[in-house]
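First the structure, then my questions, so here it is.
Labels A, B, C and D are assigned to the chains in the order they are written; within every chain, residues are numbered from 1.
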Amino acid sequence: MSQPKFKQLERAYGFDEVSLVPGDVTINPDQTDISFNLRNLTFSIPILAAAMDAVVDPSFAVKFNKLGGLAVLNLEGIQTRYENADEIMECIVQTPENKITSLLQKIYAEPIKENLISERIRAIKQAGAICAVSVTPQNAKTLALVAKDAGIDLLVAQSTVTTTRHISKSYRGLILSELCQTMSLPVIVGNCCSYSAALELMRTGIDGILVGVGPGAACTTREVLGVGVPQITATIECAAARETYFQESGKYVAVITDGGIHTGGDLCKAFAAGADAVMIGSPLAQAEGAPGRGYHWGMSHSHSALPRGTRVKVGTIASLEQILFGPSSVTNGTQNLAGALRTSMGVCGARNIKEMHKVKMIIAPAIKTEGKYFQITQHVP
Amino acid sequence: MSQPKFKQLERAYGFDEVSLVPGDVTINPDQTDISFNLRNLTFSIPILAAAMDAVVDPSFAVKFNKLGGLAVLNLEGIQTRYENADEIMECIVQTPENKITSLLQKIYAEPIKENLISERIRAIKQAGAICAVSVTPQNAKTLALVAKDAGIDLLVAQSTVTTTRHISKSYRGLILSELCQTMSLPVIVGNCCSYSAALELMRTGIDGILVGVGPGAACTTREVLGVGVPQITATIECAAARETYFQESGKYVAVITDGGIHTGGDLCKAFAAGADAVMIGSPLAQAEGAPGRGYHWGMSHSHSALPRGTRVKVGTIASLEQILFGPSSVTNGTQNLAGALRTSMGVCGARNIKEMHKVKMIIAPAIKTEGKYFQITQHVP
Amino acid sequence: MSQPKFKQLERAYGFDEVSLVPGDVTINPDQTDISFNLRNLTFSIPILAAAMDAVVDPSFAVKFNKLGGLAVLNLEGIQTRYENADEIMECIVQTPENKITSLLQKIYAEPIKENLISERIRAIKQAGAICAVSVTPQNAKTLALVAKDAGIDLLVAQSTVTTTRHISKSYRGLILSELCQTMSLPVIVGNCCSYSAALELMRTGIDGILVGVGPGAACTTREVLGVGVPQITATIECAAARETYFQESGKYVAVITDGGIHTGGDLCKAFAAGADAVMIGSPLAQAEGAPGRGYHWGMSHSHSALPRGTRVKVGTIASLEQILFGPSSVTNGTQNLAGALRTSMGVCGARNIKEMHKVKMIIAPAIKTEGKYFQITQHVP
Amino acid sequence: MSQPKFKQLERAYGFDEVSLVPGDVTINPDQTDISFNLRNLTFSIPILAAAMDAVVDPSFAVKFNKLGGLAVLNLEGIQTRYENADEIMECIVQTPENKITSLLQKIYAEPIKENLISERIRAIKQAGAICAVSVTPQNAKTLALVAKDAGIDLLVAQSTVTTTRHISKSYRGLILSELCQTMSLPVIVGNCCSYSAALELMRTGIDGILVGVGPGAACTTREVLGVGVPQITATIECAAARETYFQESGKYVAVITDGGIHTGGDLCKAFAAGADAVMIGSPLAQAEGAPGRGYHWGMSHSHSALPRGTRVKVGTIASLEQILFGPSSVTNGTQNLAGALRTSMGVCGARNIKEMHKVKMIIAPAIKTEGKYFQITQHVP
């Protein structure tokens, strides 16, 4: 009789389940280097602003890019569907909860206009900022060339899960190697969450990879499809692919953790797991002047955390400068993200991001205990 | 001195503790095949409607079967005890909470009528639908023949735990191999949750096995008897038995995960754990036109999740078509179950259910974190 | 340089973390044997009523023992300190919350009277019941002889932790082997929770061992002293000691799991972990006619779950017969404990307690999931 | 192709996840020795009062030290910045929640005065108590000598993470070996949480090490920086370093667990993990006469649990004598800490702290279960 074969399961970990261990050396935060390189481009902070309408519009992109990060404008959102994008945004914010789903569905049914693509890109370039835009793989071939002509510096091709091999009857899958050659610009592709899929993507010639599929428990990808890999494990997997690919090719592809980062602590852990940069959305939607005006919503039906039709109130908590560089008026880790990274690296003895990759990480679930004995409250002014 | 021998315990996993990993290939959902075969029968969706009074009555059975699934009518419920079943159902729904326990006990004390068995089955057959019915092992010998004569296509013999060997003084245990030969119809037996018990059942000649004993924490089997195996592990065990039995006999017995499935995510995970089909109850009791009219209750004292006397309000959330095929108006995974399965298979690169069995599954507990920073609410129209 | 040596920790498990797996054979509940033997004594149900004032008084002892179990009367409680014990009990129940601590401390400061010991024991014996009493190890030498003279059938020597070797300046530790010889009655000793300590105790000639030190999280032993072993692991350890001792001596010492059992599920798991019997308190304090009148409180400052001074309202939920034998009017496992054990054994294919010891147990944490989709409520009449 | 290399993670444990196992021998609490030695100094209880303004002022230090413990006065707090420290404390306590952050920031901006350092130290010495003070590594060279001249007995050099090698541009790192030689007094350094970092610190000639970086989940180090090691694992690591260093040098460096201890249970577990003493803050801030008057707040922006600007109300629960030695009026483990340690050691069979290091510890998460069946409430007079 044959031996029974049971399906094997391995444990995966998310931000809340791990923690970093201080080093044997400590470094003053001002002695750490947190810059991020992507081919010819250098950013003073390793943070990308997510390509979502409530996070990035042209003026936010300019401001964010000038502060040292990289904002990505969604080429399939309100900015490229509506001339009067600001009015549309205002309308979304003013609409009551019980009418928002149908409103959002209607708004995103409007066709994308090529002239608006060019217009939005030029607005960013004319302000002297680096311009990055995102497209879905289905629309990449048409929209990417329009965007290139308009002068973008970097292209992001992003969907919930992107692979090099897509089986479809209705359209021929995007050939990433062709896209990279056609664009002759840095190309970031995602999302992805396993070693093997990441390695295949890297071999197409891309410059960066977005990591994160259904990372959180609140994520609808996980609830609806049962699919998702917690971000620490996903980042560790893709970082291992980066090392393998670097050894076989000599090319270093940036690993960018995208999704599930809410605090400085989450962000620091992403780097220790192997990220070269992170992409964040809701922490930036909370900035004064963010296009979402204190709200946040999804870009597509399949968006993992916020499917189209879901609008959440994130609130406006501080200026963008404060969120990125402090000073922090709260202790919950939502402000001074760059400062938190520098301090964490200092405490862990990492002089730069590559040394941060080697910091010891432990499994240490965040169990609430303090509140049992007395309540820690905090006044948020 | 002898070495001490300590009882060994192995870890088992449930739906909420695991997650699926996207594949290296992705497939357009419309290119996936989710059909389910059981001997000579083919179903376009691999979903069985549970043999419970609040879920399946003849008209629901017809509708569900025509939509591609397989509804199982309980031959020991209200439909076969009362001519005026609809009035009884209405009465259950109208009765206040404090009188429901005694009412249900009284209602189910009424004897089963053979003429009603025939009548209900013929109603389904005359509407042109496939007809499946369930009996308990104790009553199988008498009721199954009546049902066969009335024209059923498939028999389910189901109790909380069914084994090939039952020790009893009062009645001679059901011999499953005899039942299969007598019926000469597809026979599904359950419930079961371990490799060894499943293998023994398969060897009797059955066509399908129901997997699930005390799967959930809210399940009274677990609370009252201490007995229960979480569904992912139970399905993995029974799927391994299916492979062993297939190798020794060449016959492929369908593994049907029954119980604990509430969302598309749960359903997708059941298939990735090895299920060929799933049996669901409460998600269908929430359909417009479900016999329970927004309520759900147990069929017997020993029913694992809902012992007789317990009635729960599940609400009516959408049409049956929407629950099975969408469009979904919510993002919590309770609508568009077939669509969720196709999309999940697409993301995981599985062209059919057998490929879905091979998708990588990880242990990734669903820890609530999102809500810490801002509240995600959703308007349900 | 020497290799660093880190303290090693092993995982221990409690009731809520495990579950039982149905067997390959099933048995009708009425075919199971749940009797419990202790030397010359046989009990038809393997349940001991805890030696606590709110659980056992002479009349409860008589009733419980006649129903087939073994009630243990505390010889250092209200019954042996007060002639008018009933009045004292009534007074405890009537006292408001803010005066209960000082009242209880005052009540238990009253000296124990030898004449009351005799009186209470004779009351039980004259009613034709088996009489078991408990003493603390400190008082064993004096009180046990009085009790023996009064006609007890069984002695329990119990403290939070009892070992064969106790280091003390103020009194010479109790020599258990001497106690066993002096009494020439069945002797049960406890509590204990590890293999080595249990084995040492067994070697003194005792007949039963009480298992359980700080079993629950709410247990103050755990909170105050950091000490405690969850009951599944504790029972597995002591059951292994029983087997070792049986092999070396041929004597079978009963393992009695004491503490943390609240439901039929907990009780069934204790037997599957290796218990020959269980001792329960709060489930019985909830019976009509229990001396605590719906309240429960601790016997000593060091009582693990209920230190003296803590009074909890447990409520009166059903008759003692219903709690032990059903019918159950609820589905939360607090009624029909003997029936639950028989049914669980039937489902697991165990004909008697010794076969129940061999039932497969898995680690399957009780995660609440059901409530996410609809609320399961239940009317308690 | 090279084999992929995935980052490895080890599991770490905190107080709430472990428990102690009773021994095979038990000891009367009054036979246990809980004294703590640090070079030439002996303390009758192994407890240090944390160097925080709400915990230790000169009069509290005198009282605490006379009760047998070791209170550490913060040389960079209110006592050394303000002549009228009591008025400042009163002002902090009286200030409403919405003005406390800015007030605390302003108060701690006042310069430290050398004459006040001398004055506070002399007040303690003149009362006949042992005097210990703390400084940060940055200020150690200047402040430590002033303190030494004023007559201190012991110096603590403490920051969130202290290592032997600190990389900084702005100031030359503190050379600990020089500090130890200059002071020729017992020197305690911290904080630290890993084997390697602890071993390096021990090799500089220090006498004690403070263990604890971001120990709790509520700890802001963990939330903001992603850094932290749960205290059981941190203590086990540092205790292993102590043994390694003892074998290589013959010198025994005291391991002092600092942070996250709220109950007697936590405290007992710290010793079983390898601590020679513990440092506690909030349990002492709850004492009558504590300088914080029922409040507690952080000393610096980087303080792990309470960053400057956060004030919490801890309440005043009992006298200092009761908190240390009982009698306890509650059962939640917050009173009679020394008594709890003695009782725990007795139950575990440890005659002294070094034997307590060898007590068996298990992983046994504190799952709340009791409350499911009835509510345990407690009247706090």
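We take it that contacts are C-beta pairs under 8 Å (C-beta built on N, C-alpha and C of every residue); 3 or more make two chains touch, one makes a residue touch a chain.
As the structure is a prediction and not an experimental result, all values here were calculated from the model.
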| item | value |
| --- | --- |
| Partner chains shared by subunit A and subunit D (touch criterion as defined above) | none |
| Centroid-based (C-alpha) most distant chain relative to subunit A | C |
| Fraction-based call for subunit B against subunit A, same above half, different below | different |
| Subunit B-subunit D separation of Cα centroids, rounded to whole Å | 56 |
| Distance between the centres, which are taken as Cα means, of subunit C and subunit B, whole angstrom | 39 |
| Multi-chain contact residues (two or more partners), subunit A | 13, 15, 263, 332 |
| Touching residues on subunit A, where the partner in the complex is subunit D | 13, 15, 18-28, 30-31, 195, 232, 236-237, 239-241, 243-244, 247-248, 263-269, 272-274, 328-329, 331-333, 340, 343-344, 347-349, 351, 360-364, 366-379, 381 |
| Contact footprint of subunit A on subunit D as seen in their complex | 1-2, 4-7, 9-17, 97-98, 100-101, 160-170, 192-194, 196-197, 200, 213-214, 216-220, 222-230, 233, 260, 262-263, 282, 286, 302, 305-307, 309-310, 312-315, 332, 334 |
